[in-house]
Amino acid sequence: MLQILVQGLVLSGFYALIAVGFTLIFSVGRVLNLAYGSFLMLGGYIYYQGAQVVGLPKFPSLIIAGIAGAVFGMLVYRILVKRLSGNVVAVEIATLILAVVVQAAVVLVFSPSPKSMWPLVPGVLRIGDASVTYNIFIAAVVSWILLGGLFLFTGMTHMGRAIRAVSMDSKGAVISGIDPERVNILTWAISGTFGAIAGVFLATYTQLDPNMWVTPLIIAVAVVIVGGIGSILGSLVAAHIIGMLETITTSLIAAELRGVATMLIIIAVLLVAPKGLFGKSEL
Amino acid sequence: MLEAKDLSKSFGGLKALQQVTLRAEFGHSVGIIGPNGAGKTTLFNLLTGEIKADSGHVSLDGMSIDTEPIHERVKLGLARTYQVPRPFAEISVRENIRVSMMEDNLKYMLRVAWDDTGEQEIAESVGFTAQQLDQLPSELAMGDLRKLELARTLATNPKVLLLDEVFAGLTYGEIEHISNLLIERRKTHGTTYLIVSHDLKALQPLVDDVLVIHGGNVIKKGTFDEVVSDPQVQNAYLGTG
Amino acid sequence: MKFIDMWKPALATMAALVMLATGGAAVAQDKDPVVVGYIGSFASDTGLSTIRGAEIAIDELNEAGGVLGGRQIKFVKADTREDVVEGVKAYEYLNDVENVDFIISGSIDDVSLAWLERMAEYKTPTLDTWTSYVGIIDKVVQEYDKYKMYFMNIACDEALATLYIDFGKDVLAAEMGYKSTVLMFEDTAFGVSIAGLVRDLLAPEAGIEIAEEIIYDANTVDFAPLFNKAVDSGADFIYLVSSVRSQVPASQYVKLQVRIPMTGVNVAAFGQDFWNDTGGLGGGTSTLSPVPSVGMQLDDRTAAFIEKYKARYGNERPIYPHFNGFNAYYGIYSAFQAAEAAGGFEPLDAWVEAMENTDIVLEKDGEMWFRYAFWKQGEVEPRTGREYTHNIKFDVTEPFDDGSPAMVVVQWYEDGNVAVIYPKKFANGTFQEPSWVQ
Amino acid sequence: MNSTLRRGIYGWIAFAVVMVILPHVVGTGVTRSFVFAMYLAIFAVSWDIMSGRTGYISFGHPFLIGIGGYTTALLTYHLHWPLFLSIPTAVVITMIGGTLFFFPALRIRGTYFALVTLAFMELIYGLVQVIAPNVTGGTRGLSGLETIVTGAIPNYYLALVVLLVLGFTMWLVIRTHIGTALSAVGMDEDAVRASGINVTRLKLFAFMLSAFAAGLGGALYVHYLGSIAPRALFDVGFLFQILVACLLGGAGTISGPIAGAFFLTFLLEWLRPYFPGPERFLIYGAVALVLYVYQPNGLHELVRNGLKRLNQLKLSRNTS
């Protein structure tokens, strides 16, 4: 029981980390970035190249991956999303095509063979009967720190408040003198960074392979749907619902039903409460 | 005859409409005035069925229509315009009107041919030129969008027409044109109007009775002159000026 | 007819345009080569192993003066991306556009199953080197005339499992004293069928009870709950069956320092790249492997093949071919041996008969070490008592003097070395529990 | 009959004539590619009638196609039903499955509808493998399914007849009042209701038509392939092809998605000799992305704009 609780909590924190960058873009720009999984994949591969091929220390490699994520995020915004601004469905589809293109590029550059990686932090944490790796435990802690930081950022700083204003009412924000372009660029950069860092944790936790963008994207989509648009708190709660449910399904019911359970939640929430459990139009 | 009895609606804690009762005989025309947020648009939404009332009843021609969905109410002859025009943005003026003229059955809708002259007549009746028929709504000015809104409503052949700020944004000449059209139609078709408008001057020649709504309540009912001269109304709505 | 005549110029122009657009598929060849087609993925380690094995054999044959009276072999390839529909398209492309005489395949199970119907239609001699699905062999057994052009030179999964149960009996039960296991397998066709065979045979044959079964989604990222469940069951070891993303359970097993030993099938561990891919976290993994496997001592001819392989591909992965690389190399030799005997790949029946009679025996230290031959129609394998028409002639009983062993068990040690641990005849190492197992 | 309609019908006739002659002028390889192109076109048309105009973007179309395919596969493979019974049954079952799409469409649309349909697809992908794998064949699927006709040319004509009939019917439907009404639904559903139209029935009609095409196409497709596997059907890659075909061609036009399907299939085949490996899919994806971002309304719009410009050019030349 303790084991399920510990694992569920840690996995949930990790899911929150995966989802937060995705939620951010959805709440500010009102677009679904289906290339979000590629942010994670690129983060993972760049970290791998740095830490395991070139041989840089782990921390600088993580920073490089984060920066690359930010740059990639901004490029996607500038080159694709801005051009299609206003057309939500077009953005969704263009980013889906982009995700497939990135996958093909990764196959070309890194080969399709999966690669396992050294954990960011090696070792196993044992709490009573339960055991989790330090790696995912740290991922969950980082997730809580980042989410807390984001919360403070949007509440305390000028730029953060601007992001919040745009997410609540973009037209109103423009009237009050906020430059939505800057806000959008910043959001995509933050999202890219969060995605890339989440990707490093995901890759060190599981492995790298050119298909790895799908799973985190589905997790992020599930979290956003269950949590509701644009609520950080909602995302956090939703990540925990999904994480716990997955752990319970895997441990107590049947491991192969893991994905099925998540899909059922998505369908149920969309049918019963299309706006999600915390669906509001604010951050 | 359109009749609403004790309609109430609240959103969260806000009581948008409380126990509103209203009667409009056929061929009779009622103006509805009140300050912004008084509940005028909510009243329209309840009448057309876009929003479900918390309590109260609506009947048309003596028949209860509480359970009828929007499109059935339209077919029974209850149509409306929107305060902010809602044209179908990517199809032409002609096709906008066509959607309203369609009979609601698949067999009819599977026809390839359409009633060109009928469409043209309706468009021209609200003041569109023949060239404008193939324009997209995005190419139209505000006044023309209001006309389109009205044309689309007229195309459903309504017995009772709910007009929500049809004159806003129109020039004097356009207001006159539309007023005349409405008066003419009332004569020929016996159409009933419920008109929400801020433009009292435009309203005056069109209405028999006026209903004043304030804070979700009907505060005054009477002829145009009775209502505008009422001190309570002047206080609430017109200010002391 | 007049209509056609009238339109002839237009049609000819159109035809020319289409030909141009499709890359001038039918450009005439000066010397009429024999065309061998490859079907499979282009970039996976397994796909590359088959491609390279075939390439080396073809180059050898070409350098030795060609085949079938001095004709050169032309090697063409079609990518399937391990996708079922792409597989069908690739098979059609090889036949319709490239007009291949023979196809060598590095396809996975479901892709082979998909193009199998096209094969029956085109009647193109085809040799599979990767998929071990016994269901395909069953089709050849049941509908010989329809599928007789199909050969598979890897032992089918049923043979693999049969010999693996012996490993359970001889090593896991007799030497290690294990009495119960947790059967942990992925939810794929491969996982389910191997698990089924193990479930049926392990208890009656080897005396090892299955304490618990865990079936998991092939995309599982987190094995911690599964491993915990396995440890909680109180079993002596974990029997893992994993063919997709197999590095994940292997490396997480090490990262989590799971307290009981684990063995079974881990497809990722078939290749020398496994150690790098797991970042050195592959120690403690043991797996059955089709033969010839990584870690296996080689005969002279095969060793020469490996030297060529290394010289040619250097550090490009896979740095050492997977079993199917060997199979492709010898497979090309078998196919052309048959073609020489039958006078070509046509007529089909002559080639099929000749192919059934090919027999490449590899000797090491004066003993048969490995053999590329095929079961003939009607031949019954003595131990399982059934037919395996056109599967490689495998042997599941010591001393393996009828054919190749169906499989060996390889073990990755914590220092990065890999060795064969079973059967004894081929072993150069022993089964070891990881150091963290108490 | 108005002139655009007449011109369109001439276009269809020209298309039909060219397609009928084609197999006699091109090689078997190209003919085979056309068969795949036509099946993709059928699926694209099916997507288009549901999503092209209404704004109900289906990300789960492979779900419908897969239901059709699996139904006939299971009926013929296990129960040995004849094809003339199993295929209509598959179509009916697909239409019943289509109502599963319809329920969310009563409440949600656009992005959310796309996601819930995607969830349907992922769900059934999971379930096919878990539930009764010995019946469905699990991940390996089933192979050795009965084929309707064999050989490239007969299959070409079979697919052609189905494409022409389905495509032309849908194209005509789009040109009736229904097409206008469906476009209007995509722009402002409430305003359509306020025009006195039963939108629910209209959507149901479009969805059923779409499911009909998806079911028929899916059933014939698996009998063409001779095999069926969950990875071939309930897959993001398959969805990607359908979606991109529609969008590249021009959603909501029926003829556009057909052009898009042909373009995509041949793009991939043309690249094969030059880029046999994974580069092919990179180029393929990149071309799709650039075209889509450049003109989100697709080839159809490009052609229309081109013709418009040509006309203007002629006009200005005549006046000057």
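Labels for the chains are A, B, C and D, by order of writing; each one numbers its residues from 1.
Operating definition for what follows: contacts are C-beta pairs under 8 Å (C-beta built on N, C-alpha and C of every residue); 3 or more make two chains touch, one makes a residue touch a chain.
Keep in mind that this is a model prediction, so the values were computed, not measured.
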Path length in the contact graph (subunit B to subunit C, fewest steps): 2
Chain whose averaged C-alpha position falls nearest the assembly-wide average: D
Relative to subunit C, chain with the most remote C-alpha centre: B
Inter-chain centre distance, subunit A versus subunit B - centres from mean C-alpha coordinates, in Å: 48
Distance from subunit C to subunit A - Cα centre to Cα centre, in angstrom: 38
For subunit A paired with subunit D, centre-to-centre distance based on mean C-alpha positions, whole Å: 32
Of all residues in subunit C, the ones touching two or more other chains: 43, 187, 217
Shared interface positions of subunit A, touching two or more other chains: 107, 112, 214, 256, 259
Contacts with 2+ other chains: residues of subunit B: none
Pairs of chains found to touch, sorted by chain label: A-C, A-D, B-D, C-D
In the complex, subunit C residues that touch subunit D: 7, 11, 14-15, 18-19, 21-23, 25-26, 42-43, 77-79, 81, 83-85, 88-89, 92-93, 96-97, 109-110, 113-114, 116-118, 121, 133, 135, 139, 187-189, 192, 217
Residues on subunit D engaged by subunit B in the complex (per definition of touch): 1, 5, 172-173, 175-178, 180-181, 183-184, 187-188, 190-199, 201-202, 205
Contact set on subunit C toward subunit A in their complex: 41, 43-45, 187, 214-217, 219-222, 224-226, 228-229, 245, 247-248, 250-252, 255-257, 268, 273, 276-282, 317
Subunit C-touching residues of subunit D, taken from the complex the two chains share: 21, 24-33, 36, 126, 129-130, 133, 137-141, 143-145, 147, 150-152, 225-227, 229, 231-232, 237-238, 266, 269-270, 272-274, 276-278, 280-281
Residue numbers on subunit A that touch subunit C, as the complex places them: 3-4, 7, 11, 52, 107, 111-119, 122, 124, 129-133, 135-136, 202, 205-207, 209, 214-215, 247, 250-251, 254-256, 258-259
